[in-house]
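In the two complexes that follow, subunit A is the common piece, with subunit B as its partner first and subunit C second.
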Partner chain A sequence: MAFDFYLSTMWSVLKALPLTLEIWFFGIAFGLLIATGLTWLRASGYKLGEYFTRAYVFIFRGSPLLVQLYLIYFGLSQFDFVRHSPILWPILRDPMYCTIVAMALNTAAYESEIFRGALRAVPVGQIEAAKAFGMSAFTRFRLVTLPIALRLALPAYSTEIILMTKATALASVVTIMEMMGTAQKIQHDTFRPIEVLTCAGVIYLLLNLSIARLFAWVEYRLSPHLRPPPEQSQQIRPVPEVL
Partner chain B sequence: MEFLNDLKDQVSTAYELLAAGWGVQLLWGIAWTLAVTVVSMLIGAVLGSLVAAAKLSHRGGLRFIGESYTTVFRGEPELLIIYLFYYGGTQVLTGVARSTGSIGSTDILNMPSFLGGVLAVGIISGAYQAEVFRGSFLAIHRGELEAARAYGMSAWLRFRLVIVPQVLRLAVPGLGNVWQLTIKDSALISVTGVAELMLTANKAARSTHHSLLFYTVAGILYLVMTSVSTPIFEKAERYTSRSFTRPK
Partner chain C sequence: MSANVAAAAQAASSPEDKSAISVKDMRKCFGDHEVLKGISLEAHKGDVISILGSSGSGKSTMLRCINLLETPDSGEVRVDGELIRMKQGRDGRQMPADIRQVERIRANLAMVFQSFNLWSHMTVLENLVAAPTHVLKRPRAECLEQAEALLKRVGIWERRNYYPPHMSGGQQQRAAIARALAMNPKVMLFDEPTSALDPELVGEVLRVMRSLAEEGRTMLVVTHEMGFARDVSSKVMFLHKGEVDSVGEPKEMFARPPTPQFKQFIANFNK
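Up next, the complex of A and B:
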């Protein structure tokens, strides 16, 4: 009986997984686009760009995502021009799109800081060497700065992606029936919150653990130069310390 | 020009609404948000130090418990944990009260919303604080612990005189981050009905139909809270590391 209940709950919540993943994917994809723009503005050297990104990061990191979501979903529709706009209104009246917009704007603030840090952490020597080779600014960026920075950004980026998985649950407060919303509904129908939320929790945890695993694997593949040398190379005489 | 007039109208409506009592309500909301955050941080500090100790333990079983705690409570959506403590707490309380006969078999004993929310946010905060404390402990110079041992200090004395002061000093910046996170998480417990800032803004937005105004005000108030705490933690950091500054 109890086992059947767990099984059927698990199945109902799992059926909402595609919707959760949809919000997750589009939130991350648009967030990445905005973050790239912000990082570029910040790194461009224009004072105005720097002030704008600073203000952006301050606002979106300093307030809860829930406030941002409500502001976008309930607040923006008060503007007449939003309601009469043929482009904005179809987006902003739909809770699903609003969640995606809020998540993308929010994660972009965190990600742009991650990318900024990663760009700054690229060793100067590498860039100087590229310059000495006579690489153009674009080639230098494409072949030296970007690959190194991306690898450096990866650990913090994976944390941000996991935060995004958790943030998809907020869609349930604006009536989206993703995993959290579905779990809420079953919980209200059956009044067995502990069992229902445990089922949903297991799915969220497995999802996050697999995302973390995936990123760990990518990181491992991208950093062969940081791994300890394989066993047989220890027979080679170590380089003297004086070098 | 039309835009300016519109803006002037907006500002005067905002002023009227805030002066009509919503302003005071929002101030109470801030007070509750701060109360939730402070109590959650304290619960988190107790749990976090225990979990950090478990994660640093030599015993595999304790380490496993500590690891699971931080993995689960940092990996689950905050909303789910809040629902679990609020509705789950209600389920447990009702079950216990029904079986002891203190309420009728169809009555429901609700979890106090403040307690449920604070426990949930505190437990999440504890998972992040555990990582901060663990990192700070690992940053203590090994030689100091060995020296303390060589002096013949007991485990308790080492803990009190060598470990705690240094962990606290090293943990200040990390705790500042967790504090900000906890302020933001506290907005989520509006779903359980604690009259903190988010719920107050919600109520105001629904009853006056000025959602843009009230959510903007709430957003600004959250920004004020998070940005005011930054210099406070910076000052605390300077204070606790005052004997470590380089001479100029």
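Up next, the complex of A and C:
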């Protein structure tokens, strides 16, 4: 009986997984784009760019994502020009888009800080070697700075992505029936919070477990030079076509 | 662009055809501290110049000013007769006028660092082909072939697929020398190549450097290896407190130190 209920709840919540993944995916994809722009602005050396990114990080990292989401979904539609704008209104009247915008803006603040730290942590000597061999700034960045910085950023980045997975649950407060929204509806209908929320929690756990495993695998693949040297036979791998 | 080409052509046909590197009155300050107080240096093709000096004498800074890893405050640098053009930056300091020219010249001046600075995320082989393929735009297959030959020459071909952190210091430095050779450089700059090595690993690196000197390569070597300076180099330059204290033929310099400072310096080493 209880088992049947668990099973049916599990199934209902799982049916909302694609929606959760959709918010998650677009949130982190746009977030990454914005974060890249912010990092570039910050690293460009222009004072104005630096002030802007500092202010951006201060605001979006310093206030709760829930507040940001409410401001975007409920707040912005107060303004006439938003409601009459042919570009803004189709986005801002849709709770799905609003959630994605809020998540992207929020995660971009954290990610730009992660990337800034990683870029600064690239050993100077490695960049100097690239300079000394006549590489242009772009080649240097592509072959040396970026690959090293990405590896340095990966652990913190994966944590941020996991935080974002959990943040998708906030979409339920702006009427979206993703996993959390669905779970809450079942809970209201059945008054069985323990069973329902346990189901939702387990799915989030498994989801994050797979994301963490995925990142661990990528990290492992990218850092053979940080592990103790394996046997010579395993060391030999073909040089990739593209460096 | 056409102006650049004209300037390059003019520079190349200058009378100092045998000059590989010529430095005139180079000065460099870090804050209030004047590290180089007007250094001049003339390296002809085939010269192996050992640059000696106690720490803080400015020898590494001088080397780094030649390939513009540091920007000299004043003075001129010519590589293969070509003047590195400088201009006044907005902050009043000197800066390279044309970064493309600097990059092109750097590609001819391969550098070997004290701390190797091999790119740690690439295998040894990848380290050797990265710059030739991406800077000199040579075909990859050709670069790979040359890289393997160079690794055989410095004796670490078996380690070609290793990552730098998995090798000893001596092996890393030999890989770094091979990486420099892969650029077919006109001049090689060595910045204390054996100073970070365990004593028992110094020999293997010096042997490689000696063989390079014997095949007539032009080398500027900042070093503390007195044996190398005396036996291998064609010229010894001694820096003291940011100035050239003495220059000369190594045998002569070591047999009859021309200045009290140099005498003191080698005396400290013989203790």
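Note that the second predicted complex is superposed on the first by the 230 of 243 C-alpha atoms of A that agree within 3 Å, B and C clash if a C-alpha of one lies under 4 Å from a C-alpha of the other, contacts with A are read in each partner's own complex, and residues count from 1 in each chain.
Simple rule for what comes next: a residue touches a chain if its C-beta (ideal position, glycine included) is under 8 Å from a C-beta of that chain, and two chains touch if they have at least 3 such contacts.
What you see is a predicted model, and the numbers here were worked out from it, not measured in a lab.
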- Once the shared chain is lined up, is A:T139 touching subunit B (first), subunit C (second), both, or neither of them? second
- Between subunit B (first) and subunit C (second), which, if any, makes contact with A:A200: first, second, both or neither? first
- Could you tell me if A:F115 is touching subunit B, subunit C, both of them or neither one (first, second, both, neither)? neither
- Task: Classify the contacts of A:L66 with the two partner chains as first (subunit B alone), second (subunit C alone), both, or neither.
- Result: first
- Between subunit B (first) and subunit C (second), which does A:W24 come into contact with in this model arrangement: first, second, both, or neither? neither
- More subunit A residues in contact - subunit B or subunit C: B
- Message: Taking the superposition on A as described, I'd like to know which of subunit B and subunit C A:Q187 touches: first, second, both or neither.
- Response: first
- Task: Could you list which residues of subunit A make contact with subunit B in one structure and with subunit C in the other?
- Result: none
- Note on the structure: Within the complex, subunit B is touched by subunit A residues 58-59, 61-68, 70-71, 74-76, 78-79, 162, 165-170, 172-173, 180, 183-184, 187, 191-194, 197-198, 200-201, 204-205, 208-209
- Task: Give every residue of subunit C touching subunit A within the complex, in rising order.
- Result: 67, 69, 99-100, 103-111, 113, 115, 117-123, 125-126, 129-131, 133-135, 140, 144, 158, 161-166, 179, 183, 189
- Item | Footprint of subunit C on subunit A - complex, ascending | 123, 125-126, 128-137, 139, 143-144, 147-148, 151, 222, 224-226, 228-229, 232, 235-237, 239, 241, 243
- Task: State the interface residues of subunit B toward subunit A in the complex, per the touch definition above.
- Result: 71-72, 75-80, 83-84, 87-88, 90-92, 180, 183-185, 187-188, 190-191, 198, 201-202, 205, 210-212, 215-216, 218-219, 222-223, 226-227
